[in-house]
Amino acid sequence: MNFLQVVFILTSAVTLGAAVMVVTSHRMIRAALWLVLALFGVAILFALLQAGFFAVVQVVVYIGAIAILVIFAVMLTRHAMQDEGAQVNRGWWAAVLVALGTFAGLAFLLLNWAGIGSSLGELSADEARKLIPQMGQALVSADAYVLPFEVASVLLLAALIGAIYIAREKNPQV
Amino acid sequence: MTVEWFRDPVNFITNWLNQFLLGWGLPAGVVAFLMNLIGAGLVATGAMLFCILLIWYERKLYGRIQDRLGPNRVGPWGIFQPFADMLKIFAKEYITPRGADVIPYNLAPILAVAAVLLIWAVIPFYNGAAGANLNTGALYIIAVGGLGELAIILAGIASNNKYALLGGFRAIALLLSYEVPMVLALLVPVLLARSMGMNDIVQAQGDVWYIVMAPIAAFIFFLTSVAEVGRAPFDIIEAESEIVAGFNIEYSGLKFGMFYVGEFLHAFTVSVLFAILFLGGWRGPFVDQVPVLGAVWLLVKTGVTYFLIILLRGSMPRYRTDQTMSLAWKILTPLALAVLVLTAILDKALVGSSDLVRGLALVGMNLVVWFIASRLSQASYRRSHPVEPPIGHAPVINPLVDEIGGVLE
Amino acid sequence: MTIETLLWLIPLPPLLAFALIILFTNRQRALSHTLAVLGAFLSWLAAMIVFLQAIRTEKLGEHPLTSVINWLPTGGTWFQIGVQVDPLSAVTLFFVAWTVLMIFIYSVGYHNFGQPEGDHDQKGLPPHGATVTDENGHPRKVPSIEPMYARFFAFISLFAFAMYLLVVSDNLLTLYVGWEIMGLCSYLLIGFWYAKKSARDAAMKAFVTTRIGDVFMLLGLAYLYTQTGTLNYHAIFNDPAVLQRLASSPTFLGLSVAGAAGLLLFIGTVGKSAQFPLHVWLPDAMEGPTPVSAMIHAATMVSAGVYLAIRIFPLISYGWQVGAPLPPAMSTMTFIGAFSALFAATIAVAQNDIKRVLAYSTISQLGYMIAALGVGAYGAAIFHLFTHAFFKALLFLGSGLVIHGMEHGILHTGEHIDPQDMLNMGGLRKRMPVTFLTFLAGGLSLSGFPLITAGFWSKDAILEGAFSSGHVIVFLVLALSALLTAFYTMRQITLAFLGQPRTNAAAQAVESRRTMVLPLVVLSVFAIGAGWVGIPQAFPGLGALSPNWFEEFVSGTLAFPLEVLPTFNWVSSETATLVSLGVSLVVSLGGLFLGWLVYRRQSSATTDPLQRSLGAVYIVLKNKYFVDEAYQAVFVRPSYWLAETFTSKWMDQGVIDGFLHALARGALGFGNFLRNFIDLPLWNRAFEWVASRVVPFGQSLRPLQSGKVQQYLVAGLLATLAFAALFYFVIRLAFPG
Amino acid sequence: MIPTSWYLFVAAALFCLGLYGVLARKNAIAILMGVELMLNAVNINLIVFWRYWGAKEVAGPAFVIIVLAAAAAEVAVGLALIISAYRRRHTIAADEIDALKG
């Protein structure tokens, strides 16, 4: 039980707890803030995995953009927040069932997995540094992932335009 | 290794303390943890204290710009004025409005300051003296910027006040819009230095600063970071006269003080960043012999930049919201994109050619882009503002205003 | 940046200029032409650098500057495209760069930049001139600026891009791409004043006519590709094995594969460089904004045809040796070339439109080159291509200046005469001296004035080649047309410049501004001097002074190893040199003298002295042998008739429609029968019954579709889980361990 | 030296929590949050397995980037939809938006 393990256990505990609060808390604002916390936890997990780049990207994209957007939406629709009363619909027990079932299935598969006993060693510093250039190369080289990359970018553009179009007020003179 | 203390005091002390603690028999991990803790504490405290001085400096300068004396009662040249203000703020009562969401409400000011302080972790004060020489420093700065926005929106939401909420929206809208060109402009030095690490970027500006090789990017970065700070001319987000001081209206006492300090500190921080990214950071004469001199150079450059910011604040009128938006989306973002792409292409095309050629090409490219951009913007301005609309023609309305409005409201 | 990278960059600036002008700056005139000229200049710069590099390279023919990238995946392999500069491309690049740059500069002035807007100009018509009041208050007519100024520069930029692309490309496909873009550009430029019917028709004509050639060319490409699996020059023309295989495998009509492919490609050349019988479009192309687009067609684009012909020369000539009878492909080339040369020269004699004369002379000069190729003198062909580009460009620009001056005079005097008719000119040498001198230089060069002009050397080389290849008829024909060339050139000069003005307009003509005169001066330098690089060794006196650089440079252009080519002994026999020299001296000087003799006293602005002397022949020549009318009668009318009467009236409306109508009526009747006797009574009842049973069933299922997404999700996921588990265990049980 | 299985279990748990949120929550925005949690769990797995195979093949990280892009797009469009739905029907409760009810 060394230092890193302690850090890991604390982080994952916080993350999962925050996640629980996200799906259970009554006030949407709170839920959103818990979401931020959970995302932070995931970022720290990335850092523990020595994927520092992704830790930072996680913060940029999820907290810097997505969480802010979510909070924005919460604020914009705050009149419709039924913060009191049941936050779950009638079929929630089925949801619990499915979630638990999924978890059981995943756990079962994991326990039957060959590498279950393995544990992740340390990456040397330059190995960790290699990630960014490698990935950059891979994302734009024709024999690697340039196609998915481009598709993703097109998707983003389309989503942007679509979002603007859907969300804008349909005022007559436009 | 041994370092003479006067050359590189920070590492000297660090090493000494390291030996000392290890001498106690503490495990290495704990020692590293402690060292980081101490370092962070020192940097944070130093920055905050420096900020107090800055407040005085700014108020003095601002007074002179407005043909006043500025603070001049407390102490020589009123240098202790900020301390008096601090005491006042400390002594004030904490009011938590009814129906406020307590945790976020109290979290907001802390985040506001923390977000700025976090940036200092990656700032290289001089060669080899940085909190953490992340290889993703630039990205890290952007990420931390996101936290600042979080603080603002929390303040807006939590304090259960529609003006605060509107102010929060306004602020977030502006900050999000200006983050786009800022990131794009930030990528230009990264591109030129082939690294996102702050110290590497400074290292890469060995013979010529990036403000020469990428003037447009520098210009955009400067402007957008002023906007991110929320200073004039972009201070519509907390304009006392138009809207009641925006998101922090419900805060009082030290909590308000923290927002206040946060803003000043942020202004100072962005000038440090500008100095590092475009003015060659700690580079200057004799830094190779005496590294610690770098800190002085950095401070000088930062001072110049900060002076510019104050000058801007003192001399510029305030933009309307729609004007800020159209500036960000119609001018800065396309410009930054164009510059980024062209820089990338040029840099790739000139791989292997001498630095002189590269630099000249980049400068030329910037000039051409600047020329074209100014031509286009003038043309569009003339199109949207006809000199005298001919009889029988409908007045030209600027399409962007309702567009942005449509997007944002 | 390596020289190869530069090679890739040569065509790009004009393309960028085109895009920018079309998209952004088409309102600002100054910005537009700045962009265009800048683009042309950059390309010129790059081309010059490459050219210098090329002539400094040892054995360029063996190791051309080249760079290749993968373009299209074709099955397992890649279709590669690339750029390449071998001596031929280098030479072409040289004159293309110069002429193009000159055109660009020239057209700024030609389209009256800086002049006021016209009084009643409209888009699609040439400017009519504007009225301004001069310093002492009198209204004056002055030339007005072209209404579609920016558009013109966009088009010629695109054109320049295509030309450069064609020159630097290293395979037939990209060459074809550039080729087609040029076809489009010539269409756009000829029809630039689209409001004039004549311009519209000319554009259509040019497009369709060249298209005929292009279709065959495309066939040739496809055929070649199927045979060799590549279109790269180096892989086809420089590989004896491939050529051997192509040349030895026979096809129809005793043609070898090489011959057939070569002929198909050559038809493309015939279309593009306006050889008989596809020559009709070129004279009409003069409808474009003269002379700039005209000279684009005449001096630059048509060279592309000859360029292609020279490229494919190894393919055509493989295995042929001098003295042996010509293979069918080569004899075809020889015939068409020689015929076009004479044919067009004769027509040119009787034309009065200054530009048409030049157009026909272009056809005849290109015929020269083709004929030279046909008899195997490819070096001479390249040489003439080189020199011809310069002096023909010079002549066209000069004629443009003349027309400009005449238009100015017409604006001044308000006469209603054709500014392009040479009979209306005369005596211009006093009014426009610089134009006169430069035009003179070009004209002498065209007619091969001995020793000092470029045209002399190249034409001499061709004649010498024809002679020493032993085809006396070809030699005589070429000599005769050289005589005619000199004659009509002198006719042109005499009518336009010498003598007295025959109209007031001519008396009022003025020299144009500097931006238009400067290019002429530059070009005339080349028109004079470009020939001295190619003085044959065996030439008495001069030959000894300098080695024949040009030959040394271009020999081995086309094919390496050289034995692929017919070994043409260049330092040929003294007799050949002397005979051809004598002949060319005689014909050029004689022709010039004749022309002067006939036209020196020309005074009437209507009749041509030849009318009397030649009589009926003159009528025939005047009407270009009635070729257009013949085509009209043979191709155009029948196709109209076919379309309107036969296809439309008889086939469509009569046969097909009638059949369909009958079918429809039958079907209608049948349908009615089915409806009334089967559908209504039987099926409807049956299905109504079924439907009435289905409705309650649907009612009972209704609650399932609650419209709540989450319920659907839950159901779906539950099913997924169940199936996943099922499969997992089934597999486990089926394959234990 | 942290065991691989720890990460994987945490990821699985996070995934299932998100799943529950998606399936059970009334509020459409909350559903989006659940989706975000699930995506994060996926990202953790991708990175973990990248490490597990010795950090040589960059397929995992590359797809993390793709997932991030997809997530951003999804949130943008999702929130836009929610807002327009709110404008039209003044509710964002997922089980009240049932125009497709049979």
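Lettered A, B, C and D in written order, each chain numbered from 1.
Criterion: contacts are C-beta pairs under 8 Å (C-beta built on N, C-alpha and C of every residue); 3 or more make two chains touch, one makes a residue touch a chain.
Every value quoted in this text rests on a predicted model; they were computed, and no experiment measured them.
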Open item on the list: Taking each chain's centre as the mean of its C-alpha atoms, which one ends up farthest from the centre of chain B?
Closed with: C
TODO: Kindly work out which chain lies most centrally, taking the average of its C-alpha atoms as its position.
DONE: C
Open item on the list: For chain A versus chain D, what separation do you get between their C-alpha means, in angstrom?
Closed with: 6
Open item on the list: Averaging over Cα atoms per chain, report the distance between chain A and chain C in Å.
Closed with: 60
- [ ] Provide the list of chain C residues touching at least two other chains, using ranges where the numbers run on.
- [x] 708, 710, 714, 717
Task: Per-residue overlap in chain B, given as positions that touch at least 2 other chains - done: none
Open item on the list: Can you list every residue of chain A that touches 2 or more other chains, as numbers and ranges?
Closed with: 2, 57, 65, 72, 89, 91, 94-95, 98, 102, 164, 167, 169
Open item on the list: Considering only the defined contacts, which chain A positions touch chain D in the complex?
Closed with: 2, 4-5, 8, 12, 15-16, 19-20, 22-23, 28, 31-32, 35, 38-39, 42, 45-46, 48-51, 54, 57-58, 61-62, 65-66, 69-70, 72-74, 76-77, 79-82, 86-92, 94-96, 98-100, 102-103, 106-107, 110, 115-123, 127-128, 130-131, 134-135, 138-139, 144-145, 148-149, 152-153, 155-156, 158-160, 162-164, 166-167, 169
Task: chain A partner contacts - residues on chain C that touch it in the complex - done: 708, 710-711, 714, 717-718, 721, 724-725
TODO: Note which residues of chain D are touching chain A in the complex, please.
DONE: 1-10, 12-21, 23-27, 29-30, 32-34, 36-37, 40, 43-44, 47-48, 50-52, 55, 58-59, 61-66, 68-77, 79-84, 86-87, 90-95
- [ ] Spell out the part of chain A that touches chain B in their complex, as residue ranges.
- [x] 2-3, 27, 29-30, 33, 36, 52-53, 56-57, 59-60, 63-65, 67-68, 71-72, 75, 129, 132, 164, 167-169, 171, 173-174
Open item on the list: Residue numbers of chain A touching chain C in their complex, please.
Closed with: 89, 91, 94-95, 97-98, 101-102, 105
